[in-house]
Amino acid sequence: MRLSRRYQFCASHRLHLDSLSGDENRELFGKCNNPYGHGHDYILHVSVAGEVDPETGRIVDRDVLDRIVREDVLPRIDHKDMNAAVPEFRDLNPTTENLAKVIGDWLCAAFRNRLPAGPRLSAIRLEETGRNTFDLSME
Amino acid sequence: MRLSRRYQFCASHRLHLDSLSGDENRELFGKCNNPYGHGHDYILHVSVAGEVDPETGRIVDRDVLDRIVREDVLPRIDHKDMNAAVPEFRDLNPTTENLAKVIGDWLCAAFRNRLPAGPRLSAIRLEETGRNTFDLSME
Amino acid sequence: MRLSRRYQFCASHRLHLDSLSGDENRELFGKCNNPYGHGHDYILHVSVAGEVDPETGRIVDRDVLDRIVREDVLPRIDHKDMNAAVPEFRDLNPTTENLAKVIGDWLCAAFRNRLPAGPRLSAIRLEETGRNTFDLSME
Amino acid sequence: MRLSRRYQFCASHRLHLDSLSGDENRELFGKCNNPYGHGHDYILHVSVAGEVDPETGRIVDRDVLDRIVREDVLPRIDHKDMNAAVPEFRDLNPTTENLAKVIGDWLCAAFRNRLPAGPRLSAIRLEETGRNTFDLSME
Amino acid sequence: MRLSRRYQFCASHRLHLDSLSGDENRELFGKCNNPYGHGHDYILHVSVAGEVDPETGRIVDRDVLDRIVREDVLPRIDHKDMNAAVPEFRDLNPTTENLAKVIGDWLCAAFRNRLPAGPRLSAIRLEETGRNTFDLSME
Amino acid sequence: MRLSRRYQFCASHRLHLDSLSGDENRELFGKCNNPYGHGHDYILHVSVAGEVDPETGRIVDRDVLDRIVREDVLPRIDHKDMNAAVPEFRDLNPTTENLAKVIGDWLCAAFRNRLPAGPRLSAIRLEETGRNTFDLSME
């Protein structure tokens, strides 16, 4: 069985490649290349798979999962400018694909530390603006 | 191809383990351990997989699927207090994980009876309060 | 201008009038009269009207509004059995109409205490199960 | 990683089999057999799987994907009467199952033409009226 | 206090004025002028205002309201082609504005018959395709 | 009758008052004061009131309304950093309250130019992050 729990955060970004000219950047990224950046509200679903504990009736303690996301993920990204304030994007374009991979790495490390014997991180889903959804399998 | 059809019901529950003290129960289950219980609206998605019938153009007759859910599932749980009025939870903590397993068992039996040669029950998804979603594969 | 802010809680209830027979109660309230009660997830929108502060650019400080709802409203109802654990419903049927009026009274008192000179409580909206919405004007 | 992008269209249809009598058609298809037809708003999710391009940070160029859907899919179905104006349904009942298969064929051909070396069409999901969702794996 | 209750139906229509040429119709109504018509899923919210009954705790009996909508409104429009099968649109363009007015008339008459002394019909809201919402005050 | 039409845009902002110290800004605006700013997806509902044209059956031509919003509103704000790239916020804190007033001014001017005799701008609603909704009456 798999539990998926939903979190929200917002951040801003600007898509831009130094290797391209201004025109090429505008052609490739459109309004996402606007100077100064712009922002989004993201929805993050974290999926945890495992057996249901016969005593508590739960796959994972919601408090532990919330602490992982609220302490090891959200403070690094929520209400931040990704280009300027998130070190992982110093040399990486902050597309939602790359954001999903970065969050996946943060969650993997946090699960190893806090739930070494526990249920496993199964997948993450990142929704951007209600039109695009990104699914990343972690298994 | 897979068809997922959506149903709703509401029920109340209280999470509590007799093997624990009052303090331990409150620590483990938080507000879900409040005396007298509390309630939720659940959304149930039933997924059916199979071939599309070349004549009718359908995987499964919606009326048959609706009868299975409306006669074999919803009357056992809808507008009920799970702890007091659902026999399956006499010795089982009514978490949403366990509720998904109980509904999965009810649906399996109903599919065997009513659709023995028909499309197969592929998965169920149970949404609790918009924040937590449980996926149970039945294949 | 009016700001409406969204909160969630869950609770259980049973609709029943002692003045009616069992059959009359079942006829009048249907499944909502089931013994032991059942529960719902409610969405509460609190609307505040007033002038935009020329300095802060806000109608109301979100933290103050959140404290009003989280300290003066939610602890009295969230994860509770209304019939058994909320004194206001000792002699009042816990329909959503009556729940809206009770929450309106709690909010009125809290606004008088905490925002005596501030923006006014304009309206509350209570959504029950996605099908029924109750609007109560407070002006 | 997989990106799913969301599109909308509306169309009308009537479910009817010439091989059945009027009564049998009404019994099998219910209100969907009403003469003259009726309509729906459909939501189409197109899922694309592949590697994240190390330079652009994207799985697929959104503009290319949008052109595929807006030029090769939507003009054939959006604001159309499926029975009368979509050749694929001349001898095929326009159920949502069959509509999903027809759209899957259109997308497959478009991906072969426009993205021969690119990311692959992974799945399509078609939502009908918020109650029924159809998933068709293309891999 | 006001209760708004939510219903759904689907229908198809074609927007066309005989007084205009084919080009003028296409210019004015765009894809909505496609021959054969196309369809939508509509969401109807019926708002009822009145006092809360001190005994039952309700503004209106949900069963009475449901019977009004399910017997006096939905059978005339649900799963229908408005141009061909709804007499009110014989000489009236079936835009959503006009559909709202027609439904408003049906509801007014039904409230006069079935709830002559009861709560009043306060407003209707009709949502078309998630992008356009029509509000019609009945007071 | 009133038609409300829905638009979306994204933008980033940072809430900050030069007249306050760093600590006071953090105390007043919380995470919204983070350096470099952050972003949101906003939903804008534009409500237009008037009579239904007896010939076309419409309150307002959707194309005219769309042109107003897409030419006179969205290019000034969509995918922009409000603090840096929107002149109206040079000396005005870019809260959603102030954003609603600025958009209201833009729409008023556009309605005067493009629909001088037509239906009137009735209200705007701005949704921020699904939790806060701002209603501004324009009548």
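Order of writing sets the labels: A, B, C, D, E and F. Residues in every chain begin at 1.
One rule holds in what follows: a residue touches a chain if its C-beta (ideal position, glycine included) is under 8 Å from a C-beta of that chain, and two chains touch if they have at least 3 such contacts.
Everything quoted here is computed from the prediction, not taken from an experiment.
S.K.: If I compare contact pairs by residue number, which of D-E, B-C or A-B overlaps with B-D on over half of them?
M.R.: Same contacts by residue number as B-D, out of D-E, B-C or A-B: A-B.
S.K.: Suppose a student superposes the Cα atoms of chain D on chain F; what rotation angle should they report, nearest 5 degrees?
M.R.: Best-fit rotation on C-alpha atoms: 180 degrees.
S.K.: Once you find the CA centre of chain A and the CA centre of chain F, what distance in Å lies between them?
M.R.: That pair's centroid distance is 28 Å.
S.K.: Can you work out the whole-Å distance between the CA centroids of chain B and chain E?
M.R.: Taking the average C-alpha coordinate of chain B and of chain E, the gap between them is 34 Å.
S.K.: Taking each residue of chain A in turn, which ones touch at least two of the other chains?
M.R.: In chain A, the residues touching two or more other chains are 130.
S.K.: According to the definition already given, which pairs of chains are in contact?
M.R.: A-B, A-D, A-F, B-C, B-D, C-E, C-F, D-E, E-F
S.K.: Under the stated contact criterion, what part of chain B meets chain A in this complex?
M.R.: Interface residues on chain B, with respect to chain A: 15, 17, 19, 28, 30, 92-95, 97-98, 100-101, 130-136.
S.K.: Help me check something: in the complex, which residues belonging to chain E touch chain C?
M.R.: Interface residues on chain E, with respect to chain C: 1-6, 45, 47, 52, 55-59, 61-63.
S.K.: Within their complex, state which residues of chain C touch chain B.
M.R.: 8, 10-13, 31-32, 34-41, 78-81, 84-85, 129-130
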